[in-house]
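What follows is a pair of complexes built around chain A, which joins chain B in one and chain C in the other.
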Partner chain A sequence: MSNIAKGVPFWRKEQFTPFILLSPAILTLMFVVLLPLLFSLYTSFTGYRLIRPESLYDWVGFRNYERIFSNKNFWIAFGRTILFLTIALNVEFILGLGIALLINRITWGQRTLRTFMMFPMMFSPILVGYQFKFIFNDNIGILNNALQALGLSDGAIPWLVDKYLAMFSILFAEIWMSTSVFAILLLAGLFAMPRDPLEAAKVDGCNAWQVFRHITLPFIMPFAFIAMTIRSLDVARAYDIVDVMTGGGPAGRTELLWTLIARVGYDNSRMGQANAMAYVSILLSILFTYYFFTKLLAARKYMGGAE
Partner chain B sequence: MNSALKKRIGNVLSWVMTFLLMLVICVPGLWVVLTAFRPNSEVLAKPAVWIPQNFNLNNFAKIFGFGAEQVAIPVPAYFTNSLIIALTSTAIALLIGMSGGYAFARYRFRFKNGLFLGLMLSRTVPGIALSLPVFMIWSRIGLIDAKLGLIIVYVALNVPFTVWLIDGFFRQIPKEMSEAAQVDGCTRWEAFWKIEFPLAKSGIASAGIFAFLTSWNEYALASQLTRSTDSKTLPVGLMDFTAQFTIDWAGMSAMAVIIIIPALVLTFLVQKHLIAGLTFGGVKG
Partner chain C sequence: MAEIALHNVVKNYGKLEVVHGINLNIEHNEFVVLVGPSGCGKSTTLRMIAGLEEISDGTISIGSEIVNELPPRKRNISMVFQNYALYPHMSVRDNLGFGLKIAKQAPDVIEERVREAADVLGLGDLMDRTPAELSGGQRQRVAMGRAIVRNPQAFLFDEPLSNLDAKLRVQMRTEIKKLHQKVKTTVVYVTHDQVEAMTLADRIVVMKDGYIEQVGSPMEVFNHPVNTFVASFIGSPPMNLIPGAIDGDNIRFSDGAHISVPTRLKDKVRNGQEIIFGFRPDDLTPVGHGINESGQQAPMKLVITLAELLGTETILYTQIAGQEILGKMFDPRDIHPGEELNMNLSLDKAHLFDGATGKSVRLD
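Let's look at the complex of A and B:
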């Protein structure tokens, strides 16, 4: 074998083929993601400001990190982001599960329903934001108009101006957009479920809740974690929604980590500090993805089915 | 009798719930679509006008620059930019994804899991966090406000997902088929184009549609990397309408409809394959 391989240049050898096939992907990601991230890591240790290009070489050590970690606004935005994600993901999971179980029950028109359910998933986040900005508008929004027409409220409710209501409106938009990811994948899980264990459990006298809790739920959990992993890959698209709906206002009350980065980096042109924050947000995203991915692996092992 | 009644109530209840659900999913979008065909005077009217009285295409004519009234926002240019950027980046991402997906599906090699994880992790970087260094580098090499700059970024954004999906579709094709072709005298390259590619074609197409939609819908990066009609895309252009003190709801809704239509049509085409691809890649590892 080695005698035959001698005359062949190394790139023609069998064990190099996958690397050659993968090289365009690796090169692209290196150029567009890895390299810029290394550059921004460096920048996060400088006092770089867009308006003063020479400040790129102004090494300040950990000052940017010290500054953001001692900044109250940063911690508020950070905490709000975590809270936002926790609420959004949990509500999306529970609603998605409910919708999947509901549609699984229905036999007539199931495919049509499933197609309809996919539409929010394909909406541009910016459109979702705009759509709800329009609906929640205090003056001309359909929601306030409807509430007033029905006599449920006499004044205009400031959905996007009041600090709690604004956060609620943004959460509503986010959940509207992303619940279908859960619903669709959980429904796929329900379709894939074998019938035998269900029948067996019924014969053994389990009630509906017990069947759900001990058979259905463990079986579809991996699908839930796929959904969570997919979601955590792009949690940051909430940025688009917030940017359209409130722009982080009123008075920074709906500021999430991502909108704060944009404000510090582009509006205040403090690139160094913004990059330090960006690193925190990247770590946060990786942490979320990693967490759900390990859960997915564990659930898969529990199922014992897949390799 | 009793259980039959119970079942009946259950069925009625689930239909009512489904109806409410569809209402929540469909009404917001429908309201925007309706607004796109109505004049602003009707949108802003107090008390609210519930049933549209003036149903016409004026808003579309306005944003596309026909008719007497025109808006200052160059929607046709944005539309062309969006189309060029999304199509080009999708085509490139598909080629890269096919080659990478094939490598993951058909070969065993060192660092395989590590590479796959790295690919996925690159996708977790939030758009706005990535935009900072890309903005700094692009502005040095002159790619700011250029279509090419955005195309490159979108290719990188789409590669991890296309590799993942296409890997799954290739894996569903038994290895033996291409091996048989190779025994019969095809090279591996020929076997790929004659056997594996035709079988995975619809899956690859849906990966392409997914990539197209990601590029078509992207906002966070585009909003920072584009400046003028040379490269601004539709989602960024939509924000032009809010830059003024008064929001042109009707015009904005018309533009929203233009952004939605491709998404709806493509979703309809892709739905089956997308679900299959995601669950297969995820569960069967």
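Let's look at the complex of A and C:
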């Protein structure tokens, strides 16, 4: 009782209670997220190599960053990732929109189709990669086999070896797997859409295309931006499908940021440099997320209390 | 601006027929109200005129052109929806101008027409807001503005006031009436509210179960209902209807009480005919408190069970032939439940309907 007179210790004061109650979460996050983050940030300023642990204390300042900024391969992988992202998101958006519009028109069997549509999402990306690696294999792949059987091609098309075809094949697998993300979110948007403005637009003189362009599309764009936010994060960290299908080859022609980072970090064991690249690529992800999120907020503004 | 003609119009949903071959001619610049209980086919009829529902059989023409196969955009009509149906992502200005923009009008033409419509409806200050930032009445006004900017052949209103609160509804009702006087155009207006129908219409079309029951001016429909349905649907409080039978010069009710047959309807009925006797609460009044106390009267003593004060008049609840009957007291004094009053029933304005068909005997 005597400490009441002296004043309670600071950790028993009322304003500290929230911090004490939150401390398990705060501590966990610090150990699991913050510390590794700071550690990797630190290593990006060292010449840390996995095979020489003592190099962890080898402070090199901005040399890693200077190196990657002047490294042509890094910039090519960087640009290729952005290209990959742009193509994948756009194609997935258009295909997903098409699927959503079609399914929205169906009155019978809609639930079943919706479930079918989600099947590609249920597989691990690694397995999808293996599946498409088999499909696109130039010797034993079923695609070449089918093309030859149908007489559409007489040679073995090097799907995973040719510079452009390899990129196409990876994109194909990626799009096959994830178009349903767009389809499902856009379908949700179409379900939520009120019918009255569509009819009002018809009476106001719109043909079917104009109704879609001026009424439906603006209404479901927020849903598209949600899908784009999710998918841009997903695609920007693409690694598994690429690694399984081409391993970044042939001759680095399908190298994306994360396959490059993994190669530098683990194969070449230059962890410091790999971490510097990772930080640059995270900036890319943040940029994309921020962009889509601003678009989303802008598009959502009018939807607030509208009936 | 055009007349609209419906000829044997039928609507099926699969095997279910909801509109059974209706005929209706709506004249140039006429304000026609389709009224009826929910499910009577009035909205379906309106949507067929708009082109939002296919016409299963018969023809609809706007102007001189049959529009059965025309999509809504080619019918040159405007529609105001129950839920306003504003475009949520557009400002009020863009909502108003959207139809003109789609019609590829020049920007300065659009701007002028939008400004005119905004002036008529008092939307000037709201032009840059989105629908989410408007109140119900304001949204309703924008919806009407969107209809008038296009200068269409006809306006279609689909229960436009039913989402507004009572006070705003009365106010908007007046505005619609004024708007029609200002912007002379053919109007087809759907409502389930008979007061709206009475106050707005040049002509009322009473519908029930996919049939048109009666077409006529508000006064015609009110004073000369063709059957018991129209009689009970139009007017508030509704008409009193008591079943009985003709017994010589009297109408005899189930409890033995009787009342004289109105003289003007005497040769329309035959002895022994089952009938339904109908009269409006306005015509059953305490002596000295009525509005038409001349002419043929049926005096009676009635016990008041309940009195509802409305200020200028009091609605009296009483019993005739074991049935609850409403009367009115104009220039009222305080009434105590249980009080017995000498009342007059004005037979000149009473109605007789055939007991089997419900049709007014006046029509036989």
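In the analysis below, the second predicted complex is superposed on the first by the 270 of 307 C-alpha atoms of A that agree within 3 Å, B and C clash if a C-alpha of one lies under 4 Å from a C-alpha of the other, contacts with A are read in each partner's own complex, and residues count from 1 in each chain.
The criterion applied here is as follows: a residue touches a chain if its C-beta (ideal position, glycine included) is under 8 Å from a C-beta of that chain, and two chains touch if they have at least 3 such contacts.
In this text, all values refer to a predicted model and were calculated from it rather than measured experimentally.
Peer 1: Determine, under the contact definition given at the top, whether A:W75 touches first (chain B), second (chain C), both, or neither.
Peer 2: Touch partners of A:W75: none, neither chain B nor chain C.
Peer 1: For A:L127, select first, second, both or neither according to whether it touches chain B, chain C, the two together, or no partner.
Peer 2: In the superposition, A:L127 contacts chain B only.
Peer 1: Is A:N207 in contact with chain B, with chain C, with both, or with neither (first, second, both, neither)?
Peer 2: So A:N207 only meets chain C here.
Peer 1: Compare chain B and chain C by how many residues of chain A each one touches, and report the one with more.
Peer 2: Residues of chain A touched, chain B against chain C: more for B.
Peer 1: Can A:I261 be said to touch chain B (first), chain C (second), both, or neither?
Peer 2: Once the two structures are laid over each other on A, A:I261 reaches chain B alone.
Peer 1: Contact-wise, after the overlay, does A:F62 reach chain B, chain C, both or neither (first, second, both, neither)?
Peer 2: After superposing on A, A:F62 lies clear of both chain B and chain C.
Peer 1: Overlap of the chain B and chain C footprints on chain A, residue-wise?
Peer 2: 305-307
Peer 1: For chain A, which residues count as touching chain B in their complex?
Peer 2: Residues of chain A touching chain B: 15, 17-19, 21-22, 24-26, 28-29, 31-37, 39-40, 43, 99, 102-103, 105-106, 113-127, 130-132, 134-135, 140, 142, 145, 149, 176, 180, 184-185, 188-189, 192, 222-223, 226, 229-230, 232-237, 239-240, 243-244, 258-259, 261-262, 265-266, 271, 274-275, 278-279, 281-282, 285-286, 288-289, 296, 300, 305-307.
Peer 1: Residue numbers of chain A touching chain C in their complex, please.
Peer 2: 194, 196-197, 199-207, 210, 214-215, 218-219, 299, 301-307
Peer 1: Using the touch definition from the top, list the residues of chain C that touch chain A in their complex.
Peer 2: Touching chain A: residues 50-52, 71-73, 75, 77-79, 81-90, 98-99, 102-103, 130-133, 139, 146, 150, 156 of chain C.
Peer 1: Enumerate the contact residues on chain B facing chain A in the complex.
Peer 2: 10-11, 14-15, 17-18, 21-22, 24-26, 28-29, 31-32, 35, 43-44, 47-48, 50, 95-97, 99-100, 102-104, 107, 109, 112, 115, 118-130, 132-134, 136-137, 152-153, 155-156, 159-160, 163, 213, 216-217, 219-220, 223-224, 235, 238-239, 242, 249, 252-253, 256, 259-260, 263-264, 266-268, 271, 275, 278-279, 282-285
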